[in-house]
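Listed below are the structures to be examined.
Across the two complexes that follow, subunit A remains constant while its partner is subunit B and subsequently subunit C.
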Partner chain A sequence: MSQTTAVRPSAARRGPGRGLTVGLVIIGIVILLRAFAPAPPADSLADTARDFVTLSISVVIESLPFVFLGIVLSIGVQIWLPEGFLLRRLPKNPVARRVVLSLLGMLLPVCECGNVPLARGLIAKGLTVGESMTFLFAAPILNPVTIITTQQAFGWDSGILAWRIAGGFLIANLIGYIYSRHPKPQSLLTPRFQEACALGDGHDAAAGKARRSATLFTQETSAMLPALFIGAGLAGLIQTAVSRDVLVTLGSHPVWSVVALMVLAFVVSICSNVDAFFILSFGATFLPGAIVAFLVFGPMIDIKMLALLRTTFTAKTLVQLTLIVALCSAVLGLAINYAV
Partner chain B sequence: MRFRRLLRRWQGAVLSVVGIVATVWLGFSGQLGLYIHPRYFVFTWVMAGIAGVLVVAAFALVPAAEHEHEARDDEGRWAWLWSAGSILIIASAVVGLLVLPPATLTTATVAKRDLNGSTSSITQSEANDLVGGDYSTFTVRDWSSLLRQGAGEDFFADKTATVTGFVTPDPSDPENVFFVARFIVACCAVDAQPVGVPVYHPGWQDEFPVDSWVSIVSGFGTNPSISSEEAIVLVGSEITPTDQPAQPYVY
Partner chain C sequence: MTRESAASPAAPASTDTARSDRLTGRRFTRLISVTIAVLVLLVAGLAAANFSQGPRLASAAINLDASVSRGNPRLLLTANLPLAEVAAGQVAVSPATEVSTSVSDRALTVEFAGILRYNTVYTVTVTDVAGTSQSATSTLEYEFTTPDVDIYALQRDRRMSDSGAKQPDTVRRTTLLGRGDGDVVFSASRIQQYVALEDHLAAVTLGDDDAATLEVVSFAGGDNVQVPLPGAGVVENLRASPSKYLIAYTFTSAPDSQGRRYDRTPFVYDLTEYSGLPVEVTGVDDLPMTVMDLVFVPDSTTLVVQNSGSSMFLVDLLGEAVLTPLGQHAELRDFVPGTRALVVADPNQGSTIDLADGAVTALDLKPSLLDESAYPGKVVLLNEQGRYARLFLQATTDINQLSSLIAVTDPDDSSVAFAPASESSSVRDFCVSPNGQYLAVETIPAAGLADEYPTLPAFSGMTTTLVDLDSGTSSRSVSGFLPDWCG
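Let's turn to the complex of A and B:
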């Protein structure tokens, strides 16, 4: 189910000159716009509006390179690796297969934003929907960068790192198992993504790998970047509208502390590679179970991630996924708070 | 119809160009640090370079043919809504990333994020390590941490702080006390946590606008304010307006 595209022969024969010229003109206009944009007075925006813009841009600038990296890896998997190179090496047993997929992040340490285009590429190459979910939700936690930063922030003795790894692994495999039982797994995908996958069956292999890579790049950026910009805008908007004081006051309650930090994780949409450093500063206020819930829930579900996932999964599927992940993370956090 | 297909095909490439140009420009102008932690600079530049090559390759190689599914999408009654949304996203990206000047977070965010509140900027052991250090090099973060960790008045009695930060009012006594504050950033501006050192300076609003940057050389003392919740503050301060530093956040 390659996602590469069908190309009309007449169009495929078109030389690169015209498109390249148009492209370079667009790039030139954008550069000139940046260079010569009239600088409005610093106080032209109210503080809240200014902070909304700053926060939204911050999400974009921080996430964009990871999305590009994910797209590059997706292009590599779909076009440049030999057919079945990755999938052929996976175990045949479904449980073992999902276990291996949940550890794939150890080899491809991309944060959650980059995992979405990579998972799309893996689905297009034949990974089942349930297996792709296992990879998507495990990889941001079970990857070397996240593990090292969590260890640096909390050490081994607190148990937070072990709970995070175990929680991420179990929840990702549970979700993979649940959706592997779905009678019509393709119905979990958006019609647009289903069609993109189906189109690949008859793609024009003669187009050449370079052209197919470039085409896939335009397709994936057209799917992912609007979602990223919408997610960034929503994250910025909610952060300027919601005070963190309300959440912080709940920190010492065994139940509400878990809920509060899960809400915080959902709102801040911070990269899993460094979320441990961020939440470390709340360590003195919140109970350990709340910290673990934050570190498990955040990499799987947040505003930005939902916007990106919406490019691939239906809204109904995302609601279900959010509820399952939230429920599991909350149970884990509460168990730690009451048992430890 | 043709415009819609072009938009659907090329919106990602156009948004990529906007993002890449903005990133490279922020890097060259030394303002990337307004949005992300410096540890990401190299990775961000490398990926911007790779994406730039791919965008140019896309413009050169991708044919102008439409896919069947694109053509079908364009026949829907609400197809114009999709086009309007795409144009809005591109326009917002252009305005936000290319037109508006880069900016730091302001006092509006300080108010949302519990200045020096529950979020200790450093741990107790790190604070202990600070004691006996070279106080002349201490930042707003260091002093605010010591204040929060409960170092007593005796400890501060013979200390002089030399700090730079932006001005934000003390909510408990905005007439007489302000904080010289900075944001601590772990990853990007989204996770910024405000820290600050209180300064007793009645009528400060007449001299220093909120969010303006100041450098302060001052000793510590008991807070003369009746209503302020801060016990120890900078008093008798030598306060000088200054420009925003190249790296306004602390890490």
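Let's turn to the complex of A and C:
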């Protein structure tokens, strides 16, 4: 049975050009408003509001270059590499295959938001459910953009980057191993997966690579930047609105700090490409184990990710996955807090 | 029938498949359950371990070079958790050293009183340390070894070479743990005086006509820099602030062509100043000043000068050279090691001036064991608790000979810390190391011949002995005199 790609005609007609035009117009209006607006008095913002703006903007400024780098690399590997180039080269041995898949993010450096449709496409092309989970949970962490941003934020010496890489790799492979033992892997998927898969895998094959790249750039930018702005805003808001004493009290406890940052990671749902900069501002307050738990748990499981995963996996599967990943992240964070 | 016959062979296979699926399903469920159970146990165990663990040392930092050269060095102990307050009584230091403590978040700062000893292993133990978030306590311990220290000495050579030229004088550098007299770092035909900075040496050399030249030598190599002097004259009282790259001196000359006569006029030269010109330090109303003595406040850009009227001033050499009066005193001595307490002397009594708050404290020194039997000489205050070293000259069996002795006295005890190996040898001068650990004693041998330098005259064959003030032992001896500690 042949599959058809459903593309809404209106969307296809509009293409990326309209979005870009709207974006440029908005930027132009903002620049004009700023240029002709009277200079605000120095104390026009209250201290708290000024702190909020400063903290939020600082996260955005730190993160933006890396977000665009991730998008450009993502376009390169998704559009400019030949079809099937990656799948044909995977080892046959299941363990080795999962190990390689967990490192595939090095070639497909997108954050978790981009990995879900990518993993759905890979399942459709022959990956098992367990293998797709390994890729899904490892790729947001084991990819060059995440590694570079984590290194920029925390350096090599703190050990946070090493723990994040090791934690992401081990948890993703554990999940892959467990679900490779499932007798009916297809039962882990939602009934509508095939349809969703077909939708997610669709490319306008007729369009040229350059046009598809522009479309993907628009899509990725539209998906990533709102998440970044929301995350930056939340970072600023939490730091200005929540009492510093509360954060310090939680952050200085070896157990509660891990719990607190895992909850924060779940709620904030910030992309793995920029989460290191987000949590950097908490680095002086929270213990390293809590930071690592945040950086490992967040890219694998958060509100946004669960919403995306629900399009593919059953609710029961997601509950199991959430529990295992949360417990693994907690073990990692608590062990680091105990040992380091 | 047909249906039955067709179904019969398939039924056992279907049943087996279903049974196999159920078995595999149960195995998967068991795998998930065991995995979750193990993870829950690990989380519980690690949480319990974390709850019961007190703070641990994450890192420690101390500037070792500064710890033996500047007062009140600080050891920064960083724990893995924010710390509750730590009292000084919880801190034990070996060898015993007075400390104060302060806590900020995860950092515990241990501030040592004074300057630390050279080449010494220090162990700092902080007991009953608690975090702010839990009551479990622990002990933090850190060990560090202070560095060796450079020792400079000036060797004057009266010998003549075969060609009839005078053998050059040399400044040599060695270390406390080093052997021999060390390496030559500067040589010139006649060296009057020198001061050592962190990576430079400034030396006053004399020409055949006794006119002084002031040279700066970089240990990194390169040509010597000659500091411009107002003319031919005498340079005296050469002093240095090693960490600030400053030297100060006085200059005396006959009237120049414009009638300006320098009379122990103080100058300051900044080694980092691009102009390369020394700056005259002027007195009240910007008038020229004649000074009896001058000394740098340790590790600062501030100079203490004593003018010809015995009035003392603090002069900050940065920015506007504002003079702060320190009163009138007969003698400007030096600073108590490791402090900013300036020792001054008057005919009746000595006193210290704490430059931090201007407080003047009269010295109440306990009598030395040699007070009754010897002639007292130079005194050096060793600490703010009244410990001091004093040179005495004592009669010997030879009525033409006085022997030199140095006694160290504190409120509880008095003892002889140094006596030359031979009664016929004598002590020219002595001073205390910047950290108060050693006395550097310059000894003139019986056969020493005067070198007849116009300023800071000395003798041939002089040695400098380092006396450990705690043990009373003479731990090291180097050829030459004028160790940099006495500069």
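In this section, the second predicted complex is superposed on the first by the 199 of 340 C-alpha atoms of A that agree within 3 Å, B and C clash if a C-alpha of one lies under 4 Å from a C-alpha of the other, contacts with A are read in each partner's own complex, and residues count from 1 in each chain.
Just so we're on the same page, a residue touches a chain if its C-beta (ideal position, glycine included) is under 8 Å from a C-beta of that chain, and two chains touch if they have at least 3 such contacts.
For clarity, every value in this text was computed on a predicted model and none was experimentally measured.
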| item | value |
| --- | --- |
| First (subunit B), second (subunit C), both or neither touched by A:Arg88 | neither |
| Touching partner for A:Asp51 - first (subunit B), second (subunit C), both, neither | first |
| Partner chain(s) touched by A:Ile324 [first = subunit B, second = subunit C, both, neither] | second |
| Greater subunit A contact set [subunit C / subunit B] | B |
| Subunit B and subunit C footprints on subunit A, overlapping residues | 248, 284 |
| Subunit C residues touching subunit A - in the complex, by the definition given at the top | 21, 24-25, 27-28, 31-32, 35-36, 39-40, 42-43, 46-47, 49-51, 53, 58, 80-82, 105, 131-134 |
| In the complex, subunit A residues that touch subunit C | 174, 178, 181-184, 248-249, 252-256, 284, 287-288, 320, 323-324, 327-328, 330-331, 334-335, 337-338, 340 |
| Subunit B contact footprint on subunit A (complex, rising order) | 5-8, 10-12, 14, 16, 19-20, 22-24, 26-27, 30-31, 33-35, 37, 39-40, 42, 45-48, 50-51, 53-62, 64-66, 68-69, 72, 192, 195-196, 199, 210-211, 213-215, 217-226, 229-230, 233, 235, 239-240, 242-245, 248, 251, 268-271, 273-275, 277-278, 281-282, 284-285 |
| For the subunit B and subunit A complex, residues of the former touching the latter | 8-19, 21-23, 25-26, 32, 34-37, 40, 43-44, 46-48, 50-51, 54-65, 67-69, 73, 85-86, 89, 92-94, 96-109, 111-114, 117-121, 184, 186-191, 193, 211 |
